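Scrolling down, you'll hit the structures one after another.
Common to both upcoming complexes is chain A, partnered first by chain B, then by chain C.
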Partner chain A sequence: MTNSVPELEDADCILITGSNTTSSHPLIASRIMKAKEKGAKVIVIDPRRTHIASLADIHVKQNLGSDVAWINGLMHIILKEGWQNQSFIDERTEGFEEVKKAVEGYTPEKVEEITGIPKETLREIAEIYAKSGASSIVYCMGITQHITGTDNVKSLANLAMLTGQIGRPSTGVNPLRGQNNVQGSTDMAAIPNKYPGYQDVTNEEIRKKFEKAWGGPLSPNVGLTVVEMINAIEEGKLKGLYILGENPLVSDPDSTHVEKALEDVEFLVVQDIFLTETAKKADVVLPGASFAEKDGTYTGTDRRFQKIRKAIEPLGEAKPDWEILCMVGKAMGSKGFDFPSPKEVFDELAELTPIYHGADYDRIEKEVIHWPCKDKDDPGSPYLHKDGFARGKGLFTPIEFKPPAELPDEEYPFQLTTGRLPFHYHTGTMTRVSPSLTHEVNEAYIELHPEDAKALDVKSGGRVRVSSRRGSIEVRVLVTTGINKGVAFIPFHFAEAAANRLTNAAALDPIAKIPEYKVCAIKIEKIDGREA
Partner chain B sequence: MDKLKNHVKELLESGEIAGFLGLIDDGGHPVPYLFTKEHLDRLDAMVVPDFRYPMTDILLRIVRKYPEETIGVMVRGCDDRALVELAKNQRIFPELVRPVGIACTKEMAEACRCSQPYPREIHYGEKVEGVNDRSDLAAVESKPLDERLDYWMGQFSKCIKCYGCRNICSMCFCDQCTLEDETLIMTGQSPPEIPIFHLIRAFHMAGRCIDCGLCEEACPAHIPLRSLYRKVREDMADYFGYVTGMDESEKDPLEFLGSEGYEVPSKIDET
Partner chain C sequence: MEYQTVRTTCTYCGTGCGVLLEVLDGEVVGTLPQKDHPINEGKLCIKGWSAHEFIYADGRLTKPLIRKDGKLVEASWEEAVGLVAKKLLELKEKHGPDSLGCFSSAKCTNEENYLLQKIFRAVIGTNNVDHCARL
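Moving on to the complex of A and B:
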């Protein structure tokens, strides 16, 4: 997030898109509700009437994968009406003319045709977002999990820069990161092209710094992303895989393809707190410790350091992940794994990572610190880009709308989008073992529009077979007006009827390599009583 | 503070209590802790912070595990009212619980709008007068009925069904919770079915709620739950002359109608 979570409470306008905030980030939703009670306008652009959508001042259901079009459409209207922040554009950004040209063709009429958002509503959203004192954009996987994921994010950045709704409190472009520590794991460089703190692996100077610190040669090459790894197994290029705290058999797209790859890979290690579907395929399972069984730090979605303290000793043979990794490192004969505790790991990190440089255990014990925190006197950065962007001037990027990779056709006439429920987390590893949560929901279902349900001759509670080019699952039906005609939704938490049997792993964002979980083509068939 | 620590130390050393449920400083964070005779040195780190934990809820877990032992517990006014009600409901045996009383400061009493910010017996702090403030109820009552309904429905619609209100409640001690009965409230929905989810809870708070306000503090959706239950509490006082948490010998008219029965107050007929 460019801005910190508490700042949301003081926003005048919050534009939420592709985030089921009340389900996936309920405590952030609670800040948004507070802001609304203080008079903020809440706008939700989402294909489903989620809980947060039902509480919003404006909710529109865009067509799946049409995000670049409506964002360009908002910019088109803002420029036509002169609502842009020209001094911000002139002083703080570059590339404005190109974007101005690019959005010229996105007239409200054209945008309505692509996105399904009525042109009057689009104008209303543009006016509220541009003219409010502090407008904040909140987004999540509904924006990123498309072949145009990077384009979608850049478009939101264009919109924020156009209106100067960034670099001030309660504004910004705010992706809500998952779990308690997805931000932390990317900070730690659990991404293939960076060293900790987003330092490029291809930069020789940086590589030398880490070679010196870690006492050995390091690869100058960018590695593989998760989805690329699975594909590389299939191509025979990847022989061993070590998975920590992930359950790709349920969470990755096209599960049938993932399952085959995990069976084909020569050596599979899985480290987790429970025996996941993926761990069952492993040659070696290493028991990790849960949050309550270890000391350390997390980095929250707003770049805030959070210290955690061990409440109980790890159960059974479990150990904290860092300890297991050090043991493996030592067993492989590497030096530099002699950390007595997580504190020394953090110290090394702060030493080598400019954005963490000013943080230490004593400070984060007492102070609220958001990175970047460059030295001991730096109070940290609740919001970014106050006086300038990381690269100097903010770069506008002209972006054209591209349709999703797989569109409905005669054989697969429906569009599927996937997402979450409030009662389960991700692949259910942690939540489907909870009696109170499984009491709420313990079965996948498909949301269908009443007209589609009627045409298929199914009612809520009836069973259907849902198939895509990749696979097929059986689920119950939930008829709802909360979704557009022709669109279906399945929560992906349930391994036995995994929505990811259906999703498309072949279509990736060309830059981020994120798969298009949020759109694919499906067919739906009624299962009659006898068969069920 | 030393006096308090010594008092607890004496209780433990003399064997009058087997354990004392208080709060301890753990890396700058006060957390619940069961002090025992074996680790009396831990009493050095005992603290009385200016915020609250649901002490009696934690006590119930300890009592369930050690039903024969006498347990000491740090109580504020609200916790002490909870003990009274728990005894009436036979969740604790008063002779096996030794309250050690903390009087709340004026600031805390005002922040909590607490009508009785002190326990029956005070071992720490100075007693300050209670705050009688029903402005929250008056604000809701000043709305016309249809607006009032909209107000509450709007508030309830924010609920994310986290059960935080129930889980933190000192008086939610039932083995089976009606809120989880799927024949009454459909499962798997967030917000849960409104207003029934909240009304069931409100009705169950009648004759039970001790007005500690922890539910409202815990609610991540900022639903003014305490106002709702304060109203129920006020009704119990108005119609039945019954105020929870005051007197162990007084019976809850809704729980103990029995063969003796209660005379239906005339006020009900008028309304």
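Moving on to the complex of A and C:
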């Protein structure tokens, strides 16, 4: 997030898109509701009438994968009406003319045709967002899990810069992180092109710094992403895979393909707290510890350092994951893994990570610190881009709308989108063994529009077979007006009816390499029309 | 009976709510919200209130496992870690560093993510390091 969570409360307008905030980030949703109580306008642009959408001042259901079009459409209206923040554009940004030209063709009429958003509503949204004192954009995987994920995010950045709704408190472009430490693991370079702190592996000077710190030569080549590694196994290039605390057999797109790769890889290590579907394929399984059994730090979605503290001993012979990794490093003959506790690991990583540099292990015990925090006297940065962008001037990028990779056709006439429920978490390894949560929902289902349900002759509780070009699952039906005709939704937590048997793994965003989970084409066949 | 609460951070989503784990005689028995936490200010969602429930769930791994004759069987730490180190070094020797890769974890700590990428970058010599941020 460019801004911190508590700041949301003082926004005048909050534009939420591709985030089921009440379901996936309930305590951020409650901040948004506080803002609404204080008079903020809440706008939700989402293909489903989620709970947050039902509480919003304005909710519109855009067609799946049409985000660039409506964002360009908002910019078109803002420029036509002169609602842009010209002094911000002149002083803080570059590339404005190109974007101005690019959005010229996105007339409200054309945008309505592509997105299904009525042109009057689009104008209303443009006016509220542009004219409010502090407008904040909140988004999640509904924006990023598209072949145009990067385009979508850049378009939101264009919109924020056009209106100067960034670099001040309660504004900004704010992605919500789905996992407790997805921010921290990205900061710590669990990504193939960076060293910790977003320092390029291809930059020779940076690489030399890390070679010196780690005592050996490092690869100058960008590595493979998760999806590319799975493909590399099938191509015979990747022989060994070490999986820490992930369940790609359920979480990754096209599970059938992932399953085969995990069976084919020569050596598979899985370190986890449960014998997950993925761990069952392993050659070696190492028992890690839950958050209650170890010390360490997480970095929250708003770049805030947080501690976890050991409450109990690890179960059985399980060990804290940091300790296991030190054992493996040492067993491989390396001297760089002699750490008595997480504190010493944090000291080393903070030394090498400029954005973490000032946040020492004891300081984060007492203070709320958001990175970047460059030295011991730096209070940290609740919001970014105050006096300038990381690259100097904010760069506008002209973006054209592109349709999703897989569109409905005669054989697969419906569009599928996926998401989370409030009661479950990702592949369900933790929540589906929690009695209070399984009590709420413990089965996958498909949301269908009443007219589609009628045409299929099914009612809520009936069963259908849902198939795509990749696979097929059976689920119960939930009929709802909260979704457009021709669109269906399945929550992805349930391994026995995994939505990712259906999703389109082959379609990746060309830059972020994110799979297009949020749109694919499916067919639906009735098994039982009514609840058995 | 010994009862204490341990201040920590919820392990579910990236919001980062402050929780108190209730520990009774060495066993976690409940989760409470931290009243003074800047994010959740004394509130939690249903997952947060239930954050301790999976800790003792059936199926928790408590011993290292090694595949022998097609089946996963219990092993000692020494044997399991030794096998991991040996096989990774062998594959590196035989097929080069880029024949190996890892999926790190958005559920694990900063320190753990740092250590795993350090093994792959510094000891093995590949940048085939990623995690589920995209998923």
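Annotations
Here, the second predicted complex is superposed on the first by the 527 of 532 C-alpha atoms of A that agree within 3 Å, B and C clash if a C-alpha of one lies under 4 Å from a C-alpha of the other, contacts with A are read in each partner's own complex, and residues count from 1 in each chain.
Keep in mind that, in the parts below, a residue touches a chain if its C-beta (ideal position, glycine included) is under 8 Å from a C-beta of that chain, and two chains touch if they have at least 3 such contacts.
Everything quoted here is computed from the prediction, not taken from an experiment.
By the touch criterion stated above, A:N63 is placed in contact with neither chain B nor chain C.
Contacts of A:A282 after superposition on the shared chain: chain C is touched, whereas chain B is not.
In the superposition on chain A, A:A331 contacts chain C only, with no contact to chain B. In the superposition on chain A, A:H51 contacts chain B only, with no contact to chain C. Of the two partner chains placed by the overlay, chain B and chain C both lie in contact with A:E440. In the superposition on chain A, A:E37 makes contact with chain B only, not with chain C.
Among chain B and chain C, the chain that touches a larger number of residues in chain A is C. Of the two partner chains placed around the shared chain by superposition, neither chain B nor chain C is touched by A:Q415. Contacts of A:V182 after superposition on the shared chain: chain C is touched, whereas chain B is not. With both structures placed on the common chain, the touch criterion links A:Q306 to chain C but leaves chain B unconnected. For the contact definition in use here, the residues of chain A common to its chain B contact set and its chain C contact set are 26-27, 30, 309, 422-423, 436, 440. The touching residues of chain A, when paired with chain B in their complex, are 22-23, 26-27, 29-30, 33-34, 37, 51, 54-55, 309, 365-366, 421-423, 436, 439-441. Contacts from chain B toward chain A in the complex involve residues 26-29, 157-158, 160-163, 180, 187-188, 190-191, 220-222.
Chain C contributes residues 6-18, 21, 23, 26-28, 38-40, 43-50, 52-67, 72, 77, 80-85, 87-89, 91, 94-95, 97-135 to its touches with chain A in the complex.
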